[in-house]
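The chains carry the letters A, B and C, assigned in the order they are written, with residues numbered from 1 in each.
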Amino acid sequence: MLRGLAQVMFLDSTWTGAVFALALLTADWRYGAYGLGGAVLGTGTAWLLGVSRDRVEGGLEGFNSCLAAIGLAVFLEAGRPATALLAAAVCVVVTVVTAAVVRLLGTWSLPPLTMPYCLLASAVTVAAPALRRLWPHGGGIAALPRAAGGPTTLRLGDVCGAFFRNVSQVFFLDEWYAGALLLAGVFLAGRAAGLVACAGSATGVLTAWALGAPAARIADGTMGCNAVLVAMALCGVFLAATPATLLYALLGAATATLLTPAVAALLAPSGGHAFTWPFVLTTLGFLTAARSFPRMTGPKPGVIGPKPGVIGPPPA
Amino acid sequence: MLRGLAQVMFLDSTWTGAVFALALLTADWRYGAYGLGGAVLGTGTAWLLGVSRDRVEGGLEGFNSCLAAIGLAVFLEAGRPATALLAAAVCVVVTVVTAAVVRLLGTWSLPPLTMPYCLLASAVTVAAPALRRLWPHGGGIAALPRAAGGPTTLRLGDVCGAFFRNVSQVFFLDEWYAGALLLAGVFLAGRAAGLVACAGSATGVLTAWALGAPAARIADGTMGCNAVLVAMALCGVFLAATPATLLYALLGAATATLLTPAVAALLAPSGGHAFTWPFVLTTLGFLTAARSFPRMTGPKPGVIGPKPGVIGPPPA
Amino acid sequence: MLRGLAQVMFLDSTWTGAVFALALLTADWRYGAYGLGGAVLGTGTAWLLGVSRDRVEGGLEGFNSCLAAIGLAVFLEAGRPATALLAAAVCVVVTVVTAAVVRLLGTWSLPPLTMPYCLLASAVTVAAPALRRLWPHGGGIAALPRAAGGPTTLRLGDVCGAFFRNVSQVFFLDEWYAGALLLAGVFLAGRAAGLVACAGSATGVLTAWALGAPAARIADGTMGCNAVLVAMALCGVFLAATPATLLYALLGAATATLLTPAVAALLAPSGGHAFTWPFVLTTLGFLTAARSFPRMTGPKPGVIGPKPGVIGPPPA
């Protein structure tokens, strides 16, 4: 169960999962309950449906349902029974969607990443305003995207806050110390993974500043949270950690940062959120491309794989 | 030609097609003319282009053009010559799109379902307001999705109406007796298919009510029509009809009901309609996933197929 | 480098590339600089990353970055240093996206066409208003699509202008003589290619008029520029030039013309542009479908290929 939490950041470690759970509970105990409950339900459903044992035990069937449950808690009010019931149902469906995405992307030996969660969380949040039981207070959230407002000058406090909130926003948490705790959990699983996560977060802040994003958007971590995940995925998880892949991963992190307002603008008129779509799209693109670049995939072009045993394996 | 109509609901029976044609003509003779003409044009074009004979004779090249023609008749005024000419042209293009979708989805041994029709009907209705010959009266239909309005309490009349209109809305028909006639046509092809259709329609009504959809949306069949198609596709057509697949199919039917307002909200700002996108997306997802669930695909995992001869075969 | 420019219209000729560069420089020297710089940067990055030599030398790694650079110059003001820097970064990322698209579409032996450019240009233009450094003047461009306004009657001047501007708009150029120069470049590479381009442009004008598009939209070439590319791709480039494929290509050109306002309406609420998405979607669909139509692919169904040596080969 805790491995499911750790797999949100590609880590196959029970201890890291425990630290992640602590970070969730510190920020808001209800998010912790949704997250743990989601991981349990997703893993349980996969086990019931007879999904292969290594996926279930590695926590690979828990992280999408964990994120989906937290996402619904954040956007549909965690305290309402209707939200809890819907989150439970969505965790079951996430397992089906995960199996579908694993098989579809398997054609190109690509991992599902958090796409199953993004698909379902997007569908539910977009549909919610049309459904009174999910959205009792009325009033839509759909709006045409507007031009950026507010100052773009970053102060030191903004930069430090952004650095940690880029990590915490992966779990929708606004507290910088939750991000620090999550980062500690990553370092617990491996020093290389932690350093890459830091580099990704820094790239996210730098790119967002260079592009002229409003300081408020940078400081709250919404511009850079995808950069952290992309950097980790491309350097150490799905590609071996080398100087070349580090550069490649940071290019990916910058691309994901640019994609973040793009996805937000595409979904805003329907009332949708970006979730981790920028991470999913960038990572899938860069991973697919890597096989055409001999420098990225090492002596044997075409073989993509993590250093065995260090960080979670790519789903088969 | 009549098989093309029957294939809208996966049925390979000339008699069922005749009953479906009767239902269309009862509701509005022009919709009947568009539907039959569309099925003829689509099948004829496929034959001219040299598509394989079993697809043409099984009616698998007629149902998408049939639906596309009816869809244009409903959204662009059936009585205008421009609409009839455009519908004829679209029926020709549907055949090309069908061949493309068959080949693309063939990579995963997935059927095209009604995706070709959804693609073209969406394109035409979204483009129409920019084209004066198709949309002479002016005025756009694009709008930001709004929060649900109106009461959510269902009366008995709403429930019964919804049960039949969930079937009739597959052909864009509002009349409950057209739905009853269509359902009779399904029972004519096989009792199991009819019962599954009924279970799908009931699941659609129940899910929409549980989610708090406005009663008016449930009663007119727009919330539940995808549920009927999903249930039939997943229990008896593309997966063998067993207790396990029935449960799976009803989970799919509930998912499609949730997806219906999501797709509507995604397309509303562009002026698009949901058509049967929720059915297509849900069924493709659940079919792909089924191969990872040994309980769904029987003793030989990985083999998806209908009971031979009972209900229409999956397009090769 | 010049081959990269020529490959925008599938031509593998240095001389044609030189004429294309002249057309760009005639219209606006800055667009010429962006286009040439983009082709150089894209080709250089591909070479650095170790992409296979025949792709780099054939100019197949230069045309997407060329178009992306011009696209950014047009939509984000060519004269600003931020635009130039961003265009350079995007040209690097285009190479990665090209490698990804080549591999993904390779499953169906489909060419990437201009999809990499469309993906990145769409992402950047949609994201730009949220980023102050890219969009300093404020004010969004997102809007709900509106019904067509203005007269639909075409005068002779409109028709002639549209015929040439359908070609020039491929490079975002409004000047009819730029289109005439580009067309001359196409004839330079081969008479058949030039005639097909003319037929495609004429089909675009005719279809747009028949659908009732506003005369202003037809005359400025935005309705028909995709038709030119589709016609060339389907008759002579990826399918052999025969009477049957010419008809098929013109059906594709008409379809792309209908898709143009559809894509525009889909992206308008997010502030996006159609770019050459209609060409990409139509061509990929029609190419995939062609393998199911023995009349299109000649005696050996399933084999798609150009007449060797006449027009640029499909990317491997």
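Here is the rule we go by: a residue touches a chain if its C-beta (ideal position, glycine included) is under 8 Å from a C-beta of that chain, and two chains touch if they have at least 3 such contacts.
Small disclaimer: the values here were computed from a predicted structure and weren't measured.
Engineer: Fitting on CA atoms only, what is the rotation between the copies chain B and chain C? Please report it in degrees, nearest 5.
Structural biologist: 120
Engineer: Same or different, please, for the chain A to chain C contact, judged on whether over half of the interface numbers appear on both copies.
Structural biologist: Under half shared, hence different.
Engineer: Can you check how far apart chain A and chain C are, centre to centre, with Cα atoms defining each centre and the answer in Å?
Structural biologist: Centre separation, chain A to chain C: 34 Å.
Engineer: Which positions in chain C touch two or more other chains at once?
Structural biologist: Residue numbers touching two or more other chains: 107, 144, 269.
Engineer: Note which residues of chain A are touching chain C in the complex, please.
Structural biologist: Against chain C, the touching part of chain A is residues 107-108, 144-148, 152, 210-214, 217, 251, 254-255, 258-262, 264-266, 268-269, 284-286, 288-289, 291-296.
Engineer: Name, in rising order, each residue of chain C that touches chain A in their complex.
Structural biologist: 49-52, 82, 86, 89, 92-93, 96-100, 102-104, 107, 122-124, 126-127, 129-136, 138-140, 142-144, 269-272
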